[in-house]
Amino acid sequence: MLEARFGETLLLKKIVDALKEIISQSTLDCTETGMQLQSMDNSHVSLVALSLQTEGFEKYRCDRNVSLGLDLKSLAKVVKSASGDDAVTLTAADKADKLLLSFESDNKSRTADYELKLLNLDQDHLGIPETNYACIVQMPSSEFARICRDMSMFSESVVISCTKQGIKFSANGDMGSANIKLSDTSKGDITIDVDEPITQSFAGRYLNTFTRATPLSDRVKICLAPDVPLLVEYPIEDYGYIRYYLAPKVDEADA
Amino acid sequence: MLEARFGETLLLKKIVDALKEIISQSTLDCTETGMQLQSMDNSHVSLVALSLQTEGFEKYRCDRNVSLGLDLKSLAKVVKSASGDDAVTLTAADKADKLLLSFESDNKSRTADYELKLLNLDQDHLGIPETNYACIVQMPSSEFARICRDMSMFSESVVISCTKQGIKFSANGDMGSANIKLSDTSKGDITIDVDEPITQSFAGRYLNTFTRATPLSDRVKICLAPDVPLLVEYPIEDYGYIRYYLAPKVDEADA
Amino acid sequence: MLEARFGETLLLKKIVDALKEIISQSTLDCTETGMQLQSMDNSHVSLVALSLQTEGFEKYRCDRNVSLGLDLKSLAKVVKSASGDDAVTLTAADKADKLLLSFESDNKSRTADYELKLLNLDQDHLGIPETNYACIVQMPSSEFARICRDMSMFSESVVISCTKQGIKFSANGDMGSANIKLSDTSKGDITIDVDEPITQSFAGRYLNTFTRATPLSDRVKICLAPDVPLLVEYPIEDYGYIRYYLAPKVDEADA
């Protein structure tokens, strides 16, 4: 039996929002050590991986591994109906065909219980190899979201260049071109860690969907290395992280 | 001649908003004792009744009964154009073919007068018999609105069960099911008055249109009895009330 | 070479917003004394004229006259991407085929440069004769915007009547009629200067597009004279103004 309690529904809401634009259905694997979800996006180009450790939960118990096949749009609807500061408990039997979500307000006079039907999903898990990234940039997640949005006005492709001096985002299209440069600042807003400089090109619309995770974290980590997918990571305090992977565009990456 | 002055346009705005999603045209009957409107919704399933007593108005004078055939969308447009804190006076002649709305701001330098053409509407008045309701529940109107909205995600039908222990709203559909229970609380937020327990099923989309009246009142009163329509009443302070009636679904009500 | 620096991007944003609903492309003429733009709207009914004097700019240098053919939708997108309080510098070469916009935040760690392709536009400049207006009304720009919007609910035409007693806006349509009167007030919110009374009729949808300039100025000046276009002027503090011209409707103007 699984029983997992989030102190605030708002966090679950943000997690679901960060997933639901990218994947419509996915399996949440629950074990003694926490919850994991891994899935290619609907068009099989990017990959999203969620990891929630038991430490973050107000209560967590999972006697036996259980895989929950979720329809994320349905889950989003249910979660949206709760107040952000309600607590929410997820409960499922060992061989569950439904997930129970129980919301509790501070004022105990109201209880709201939702049963969501579970799906039977085939799902291959991709091994994600450990990578030594050539460049690691940490920056405010809101700034990254804004840059991704601005680049999309100019072109479908975004070129990311990273050197010891800073990180540059560029887009070039019919309307003109855009260049936004960020440099390491004394304030520590942006930290740039470069072993070797790198320039790669990415499909902007995937970057934009990744930024749906912005409300989950003030900071985002961007990791680049030659010939491996870009990693964009949003830490989730106490719980773990949500990570997005996107392969560089081959024909434009050798700038 | 009719002359009726609302101290705040905002109230008239809320009343029109509470009506205009349900009925497109209706007759406002004005007499010495106040204003009455009664109408089936556009699909002839539910009934709305508005009663405004003279006590609420800043000024009220009606020498002779007059019936005003209103197009509610047009009235909504006019009322929307005013500032909420303007005063508004409605004026009509004894055999009026138009209604004059005069808005006055505190700063008297601005006057806005609108003439709305009146409609000739046939309208039967249904006698609504006095009912001894088996269950009467009073609760915050915002909570009722939220529950109606949440139930609609799951099913077209909402089951309302009321016992001495509390009131329960349930919906059951393809996605799963929802149950929200409210109990009598010491805070007095919710009061439940039960002669005999009752369970009835209703079409959720009508309940949702009733909740357009939420801005009119912090509280809503829900009254149930076997074999009679549900009554949902929003009191309008000093003036009277707006009431909605909806018959239970026959085939599902015997749970 | 042109180099023009706005202390706040927000101002440029408001200027572009005031233009882009009316004209899709236009030439910005830059000279030693400032920037001028003049253009008929897309349907060739009204005229907009923008004048920005060098005094307003934080920095202004224009060695040689240069005409910049702008696509206003593209410019709007670029400007929208900046923070309102960033400074922005416009740079163009003497025979430019592109305009460079450089945004600088207080925190110098971020630079954003956009290059917009310029267009080759034919453009005739209309001489606008000096006019002694019969009526000049100054009023809060937000009030004018609200009146124009309200009138549009009733009719395509708005009648403006101006006498020493005040200014009146009227519209008459299928739904009914609207009359809004403003009088000279002691508070000085509205000033009315009348040589001879005048009544003219205008196409409301043009008036509505003019009100896109409302954020540029708290005040608007409305100038009327027989047989000449209405002038609606929004002053732009320190810089100059944006002016809109619209000819009265001939068949209805002789009220």
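Should a chain be cited, it is by its letter among A, B and C, assigned in written order, with residues numbered from 1 in that chain.
Quick note on the criterion: contacts are C-beta pairs under 8 Å (C-beta built on N, C-alpha and C of every residue); 3 or more make two chains touch, one makes a residue touch a chain.
None of the values given here were measured: they were computed from a predicted structure.
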| item | value |
| --- | --- |
| Pairwise touch network: line, ring, star, complete, or other | complete |
| Relative orientation of copies subunit A and subunit B, as a Cα rotation angle in degrees, nearest 5 | 120 |
| Interface sides of subunit B and subunit C: same vs different residues, half threshold | different |
| Rounded Å distance between subunit B and subunit C, as computed from the means of their C-alpha atoms | 44 |
| Residues of subunit B touching at least two other chains | none |
| Footprint of subunit A on subunit C - complex, ascending | 71, 74, 77-78, 81, 98, 107, 109-117 |
| Residues of subunit C touching subunit B in the complex | 143, 146, 149-150, 153, 174-185, 187, 189-190 |
